[in-house]
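What follows is a structure written as structure tokens; I'll ask about it next.
The letters A, B, C and D name the chains in turn, as written, and every chain counts its residues from 1.
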Amino acid sequence: MKKRKKLRSDIAWSDATHIVVRGHNLVDLIGTTSLGDFAFLELTGRLPTPEESTVFDAIVVVLVEHGLTPSAISARLTYLGSPEALQAAVAAGLLGIGDRFGGPAEEVARMLQEAIAGGGEEGDMAAGIVAVKRAAGRPVPGLGHPIHRPVDPRTARLFEVAAANGFSGRYVSLMNAVSGEASRVFARPLPVNATGAIGAIASELGFEWRVCRGLAVIARAIGLVAHLLEEDREPLASEIWSRVDDEATEHLRGITDERD
Amino acid sequence: MKKRKKLRSDIAWSDATHIVVRGHNLVDLIGTTSLGDFAFLELTGRLPTPEESTVFDAIVVVLVEHGLTPSAISARLTYLGSPEALQAAVAAGLLGIGDRFGGPAEEVARMLQEAIAGGGEEGDMAAGIVAVKRAAGRPVPGLGHPIHRPVDPRTARLFEVAAANGFSGRYVSLMNAVSGEASRVFARPLPVNATGAIGAIASELGFEWRVCRGLAVIARAIGLVAHLLEEDREPLASEIWSRVDDEATEHLRGITDERD
Amino acid sequence: MKKRKKLRSDIAWSDATHIVVRGHNLVDLIGTTSLGDFAFLELTGRLPTPEESTVFDAIVVVLVEHGLTPSAISARLTYLGSPEALQAAVAAGLLGIGDRFGGPAEEVARMLQEAIAGGGEEGDMAAGIVAVKRAAGRPVPGLGHPIHRPVDPRTARLFEVAAANGFSGRYVSLMNAVSGEASRVFARPLPVNATGAIGAIASELGFEWRVCRGLAVIARAIGLVAHLLEEDREPLASEIWSRVDDEATEHLRGITDERD
Amino acid sequence: MKKRKKLRSDIAWSDATHIVVRGHNLVDLIGTTSLGDFAFLELTGRLPTPEESTVFDAIVVVLVEHGLTPSAISARLTYLGSPEALQAAVAAGLLGIGDRFGGPAEEVARMLQEAIAGGGEEGDMAAGIVAVKRAAGRPVPGLGHPIHRPVDPRTARLFEVAAANGFSGRYVSLMNAVSGEASRVFARPLPVNATGAIGAIASELGFEWRVCRGLAVIARAIGLVAHLLEEDREPLASEIWSRVDDEATEHLRGITDERD
């Protein structure tokens, strides 16, 4: 086996008597470290401050449960076919947390981080961001919401928690400036939605933009397990299957008179 | 679309101004509820007591990170081929949390829950459990460990945290009795391992046995995102690929003289 | 890197000028070997005879397309969320080809192969198989069908193709004997269904029982890609999402009067 | 359940006595239709001509097996953890057929189809394609190969099969022109590789560019099942796991003297 490059990982190791995660003895963390703090440790390599802990938990909590999403339905349908493998049903659900559902927070964070890395006045950054999206005929991510109108109720609370813990800095400010600029340019109210708030606050916490899709995946795994436990008690999958199949192939069957 | 059965889910709903999860206004939970407590709410329908919160976090934290497992390596290899889809790499990793890695805690919990549901003396239950596994030629789940010898350092701490919070009852006691009986019958030390402790404590918390595989999946999703972020900075996948391919097909190539 | 065991794979290798699959120069197979024959080569290590080719294609073709199954719907829902990753949508669909949908052909093949390996008279084998299932309160796999009644139209044709090509031997005969015995014991017609025919014929072809789930997976991957291409032109996922979410959470919203 | 849009699928339907796929009685196709032809029917809605059949099989066959790829290793590692769910191991492998491995044929087909849809002289199209990629600092897809040098042995054979069956038209010609132009501009030989040939020939067959990733997924599903069957007999996963974990965490353990 020809070696070209040494394999190296700094996350964890164990032997007969040690289990070490990110430099901490795992045993010392059991019973003293919350799940959110442990996740922060995993992702950043250090435990959070109390303020970071509160803000991190706040943004992840918002991502856990969005009701009967395509992901949740897909997980339930998968569980019907593969009851032996709950992990596969969760995985099927997570596969739908892509560009459309997991992507926007990532896109917000990237947009803000690249703008601020580029430097300049906030107003100019906001104008630049909106102009680029407009020229491309694409929506500005993190603004507006198809259901939560006129404002997304999560946004104010997320920004409030971030501010109360010292994480309302340049990214949050820029996100609000982008909202103002976009509302002006597109001549309609485009308030920051939960995704916009999460992308901005994750940036305040120092997370690289690509972590945001990962936060959505972590959070949604929790929600999907809850949906599968409910599916066990109150199944939906089989009924969805028969309804969809019946309706979608009705025109092929040539029987239109006996259905509702 | 012929309806035979009403579709019904009690987990969450939202409209323009409401987002309600398990009967709670989501906005009220932001900044006040930890990730672990929110997960408990999702899975059980209610927020945990402080004691439940500590014990729940303790058992999930232990499941997050097990180093460069097959799952972590699989996730990293998947990310190499599909960098556009972090969610797919996490999903690939979770697909390996099945009967061999996610199953044992589930098996422990089931074994304990079915024994206690059946009733009887603890000693008889323990003897019955060990006898059944022995007759089937299968190991008793939750006992012994290939690496952590003579004892799994996580077990004592998990049981300590459970006891300190009032969750050391019949399931923990039975698990210890099973360990004693198995050690006697197989004539070698078979102490309770972390999996055994988790299965017992999850049962104390009132979780149905099938939740245990879900807890492993939830926890591991966190660990897998951490591995993918590291893979971005310190890639392993490409090197693993070339080493494995070179070595495994060496005999087909007929070239044995220029390799180590 | 400590080596304990030499890694070895006999499937394929390549270098600058060679690409060799199962001992064949890939270039020689391009344009001369059908997809089905190549699949047979991959799975068995040799190209099929013309008779094997016909029979192998026949059983796999039957597994490709079963309409708007849970798998197909799950793939379409996943594609809605992750349009950047068609592979993830196919994977989500395949995750549902488990114990319930991919398992029965596997179970048939295993049941037949283990019975015949055990030896004895065909009538005794059939009686034993039915008795074991009956005692366990489980259906005999490969018999009856919820939709295709009184007989599965695929079965007779599959058995005809197998017989015409010399693959109607002990396994097919035993499957038919099991059908006769089960119909007698359960006192209702239980004809062999397509799954039963496939499990028996795969056994005639010499495939180990665990290959059968793999054949279902291979076949269904084709069908799932077709569904995703249709989803691109004629989307179903978004409509399914909104209908399911609306109906399933209606009781939580307290609004029952304004829906159909 | 509020209906906004009729669900409709034209792929397949069945009832007690009919199973119809793309307008064909499935029973009529059993024993008369090869797997490749059935796949063509699924994807296009009609059976192929003999020439289309040969060319379609040729391009898909090339995509089935690429040795111990990251996908194959990932599938094997997943199978170690979830032996109960072969479908999950195949899915894990397919999840790696994304932008890096499944994307290039798609990118080639898109590049050729968009150029030809735009119209103009072939030389101008080729020059435009190469100029755009060069300006973006990105390689021209479908050209050169890291291993198969100086030429990819599959390309000539694929083009030969395509030509012999009447599928060497504008797309193949443009792909060759792109190769000539790129070789000139980058001043080094950049011959068409197998991916370039497949993208061009799939375009000749009339496939929309996005089908190409699907063809890779279909083909690779076959290869992955073959790898998992081999893993059952000749396991690699456990050894890869222990080697990778040992080496990658060696520096954390502080033990450098007893390893190779």
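In this section, contacts are C-beta pairs under 8 Å (C-beta built on N, C-alpha and C of every residue); 3 or more make two chains touch, one makes a residue touch a chain.
Only a predicted model underlies this, so the values are computations on that prediction, with no experimental measurement involved.
Using mean Cα coordinates as chain centres, the one most removed from chain D is B. Taking each chain's centre as the mean of its C-alpha atoms, chain A lies 35 Å from chain C. Averaged Cα coordinates give chain C a centre that lies 22 Å from the centre of chain D.
Centre-to-centre separation between chain A and chain D, using Cα means, comes to 30 Å.
Among the residues of chain C, those touching two or more other chains are numbered 1, 3, 7-10, 12-13, 15, 67-68, 82, 84-85, 87-88, 91-92, 95-99, 102, 236, 240, 244, 247-249.
Under the stated contact rule, the graph of chain-to-chain touches is complete, every pair of chains being in contact.
Residue ranges of chain B in contact with chain C, taken from their complex: 6-10, 12-13, 15, 20, 82, 84-85, 87-88, 91, 95, 244, 247-249, 251-253.
By the touch criterion stated above, chain D contacts chain C in their complex at residues 1-5, 7-19, 21, 26-27, 29-31, 33-36, 38-39, 42-43, 53-54, 56-58, 60-62, 64-68, 84-88, 90-92, 94-99, 102, 147-149, 153-154, 157-158, 160-161, 164, 208, 210-211, 213-218, 221-223, 225-230, 232, 234, 236, 239-240, 242-244, 246-247, 259-260. Interface residues of chain D facing chain B in the complex, by the touch rule stated above, are 1, 3, 7, 67-71, 73-74, 77-78, 80-85, 88-89, 91-92, 95-102, 236-237, 240-241, 244-245, 248-249.
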